[in-house]
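In the two complexes that follow, subunit A is the common piece, with subunit B as its partner first and subunit C second.
Let's turn to the complex of A and B:
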């Protein structure tokens, strides 16, 4: 007959309850992993913070502006800049992909947006093969609140800045009698943030203004939420592709 | 709940692997700006070749002009897959100098295709209504075949083109 094992028979001997650390650690680990997974998935699915993607760095450049003064990409640091592309004499919509009127439409819309302390500007890179004399420049944008600047450089510099940097195609083979008659190019508007990072590309000369408004508001909100804690949230949004 | 020791080890190993992959993705995404492949954009397949009708004007160029030089050594190529034109890629041949970086914009005008360039990391699904985009550099001269690797019809096996690096 087997002996009966019954602790109650032991009598009045009391054991001090000892903590099972291994079990506690295991439960803690699984709890942490579960919460982390649920948190990450929820963040990615519900997208509580929306950001514009950081597409790539905007190219650095030295060019001259509409007055003939030198201007560099650093001039645009700290402000939102919409880069547009055109050429002097690009006025007729029938032959020109992005006319002065298109750029004026964008600029006029930007005037209506609330950007807080963040400045906003428009820069038009001229694709003319040779720099145009400022006195002969037939491209002017009128605006009281949005700073507009025309940028121009020599042919090779233009090709590297526009083609390689902004990845905008344009042909160096000018069609027409004079050099500014027609320059085929892909209409494009590029939004660059204050850190010099390309945040949006609009493959149209007349993008949806509601989308422009949304994108500017997102960038303004991100710039205003640069505190330590909220910055972590925004970095997480970039990591989990919380793009609109 | 009892879990066998061997099973427990495999569960822990699997969780560690998931964690390691998560860390690798986080590092590559934040430090090296490497993103997972995702659709570039949407496009109306009926208007692909209509000038000014879509945001991707390169598709509206004649096939011989769909390889465009952005800057010296940098190109963009707009390629359309057709089953309805006899299972072809348009353009069927591209030529670039050695060392060129080429960005491919690929879409389909009709059915689902696959686009792979042999001996490169270019490998995309090509859906009608969607533009797929990938960039790669061709350092070694030679002929690189690009083929359809998703069954798209009776002459699927004929659907190929060539990128010649000179």
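Let's turn to the complex of A and C:
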């Protein structure tokens, strides 16, 4: 007599369903597409990576610094640079839209930020229609850790660099009896990354320092993300407009 | 009776186990295949394409400029809306970087085959003093007759460089050439709608630029073209 288990096994062989390839493939595909969709939507909604927008290219220029030496836009490659705008003689008394004190406040704050291996600098473009003799420059910013440079060019260069490149409104007509009296301009601070791309614009002479801190931290994190996967993550963040 | 199982009985007993294992393996393979197909789909349709250049994704269209072509015609950047533009800044006396870059741009354009007509290569001279229309015409023809050389007055050149992130300055050198031009050696890629999309630093190969261009050229076409 045959064991009972044998007869039951024979029965089970008959009942085993054949492999349903299409079903397995369809389920796998739908599972993945669902997960991918959920992942993409979650990324766009929860924004695990925040980035500052790549607004446009920072203008290219050759100007002279506070010592009279030539300096180009390439000098600022590889570091974060805050571009500020002012003119020699711009102070509280002349009702200047962006005074030396404002730039000093920003520079002093930048000294307190942790930027890892990334250097940070401040450049002030002077809007004087004619270059001022370095010895007569009334603008000086004190800082031990943040490099500050004054930049000045001729009126034609200012037009294309400041006006068209940085898109800062200023008047070429000086108001007052002497050149240092007053040059009307819209206060603006522009943050440029190490690749020469404008990443933030602050339309105030005294922007919120907490915002400045956040923006610098975001750029430092992005610059330090050298791995392939994190780079893809950052590109995705740009694609999904994950801006703060 | 005997408890010894026959060979046919052994076969019958192990079949379901084998089938289950086979089922698991096939299931795992199907899942892996599903994941791979999904990943490919993601790369093609959802994830940002992996470009070889530095992606800018600027929300602003580039401003226009007006210069004179080597053909003598007045040209605006906006004239090339509808085409992908590779904008390069150089000069014909340039000893090394410019000819090397121009050769790569030729390779990039040639790699597109029938779609090459959708791409216009433009070189703006940063040395208008020496780069006459004739010089530019000769230089462009050497690389590709479809390339366009642009020149202009000092102010026109400044208007076509500074806002685009390009700097240039004269560098006096000893020798017959008298001077060289220091300049930003980047290639700007402008899409069909006039947005700056990408930037290539010096050294990117024509093949890599070509593969990026394929994506940008495809963007302006219908799905079934």
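Going forward, the second predicted complex is superposed on the first by the 210 of 244 C-alpha atoms of A that agree within 3 Å, B and C clash if a C-alpha of one lies under 4 Å from a C-alpha of the other, contacts with A are read in each partner's own complex, and residues count from 1 in each chain.
FYI, a contact is a pair of C-beta atoms (placed from the backbone, for glycine too) under 8 Å apart; a residue touches a chain by one contact, two chains touch by 3 or more.
Treat the numbers as computed from the prediction; the structure is a model and nothing was measured.
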* Asked: A:33 contacts which: subunit B (first), subunit C (second), both, neither?
  -> both
* Please work out whether A:160 is in contact with subunit B alone, subunit C alone, both, or neither, and reply first, second, both or neither. => both
* To do: In the overlay, answer first, second, both or neither for which of subunit B and subunit C A:21 touches.
  => second
* Using the superposition on chain A described above, determine whether A:203 touches subunit B (first), subunit C (second), both, or neither. => first
* More residues of subunit A in touch with subunit C or with subunit B? -> C
* To do: Mind working out whether A:186 is in touch with subunit B, subunit C, both or neither, as first, second, both or neither?
  => first
* Is A:54 in contact with subunit B, with subunit C, with both, or with neither (first, second, both, neither)? -> both
* Figure out whether A:239 sits in contact with subunit B (first) or subunit C (second), or with both, or with neither. => both
* Tell me which partner A:226 touches in the superposition: subunit B (first), subunit C (second), both or neither. => neither
* After lining up the shared chain so the two structures overlap, which partner does A:169 touch, if you call subunit B first and subunit C second: first, second, both or neither? -> first
* What part of subunit A is shared between its subunit B contacts and its subunit C contacts? -> 33, 54, 56, 160, 164, 235, 238-239
* Asked: In the complex formed with subunit A, which residues of subunit C make contact?
  -> 1, 3, 5, 9, 12-13, 15-16, 19, 22-23, 26-27, 30-31, 33-35, 37-39, 41-42, 46-48, 50, 54-60, 63, 155, 158-159, 161-169, 182, 184, 188, 196, 199
* **Of subunit A, residues touching subunit B in the complex** => 33, 54, 56, 97, 159-160, 162-164, 167-169, 186-187, 203-204, 235, 238-239, 241
* Contact set on subunit A toward subunit C in their complex -> 1-3, 6, 9-10, 12-13, 16, 19, 21, 24-25, 27-29, 31-33, 36, 40, 53-62, 70, 72-74, 156-157, 160-161, 164-165, 195-197, 232, 235-236, 238-239
* To do: Name, in rising order, each residue of subunit B that touches subunit A in their complex.
  => 15, 26, 29-30, 33, 35, 38, 41, 55-58, 68-72, 74, 76, 103
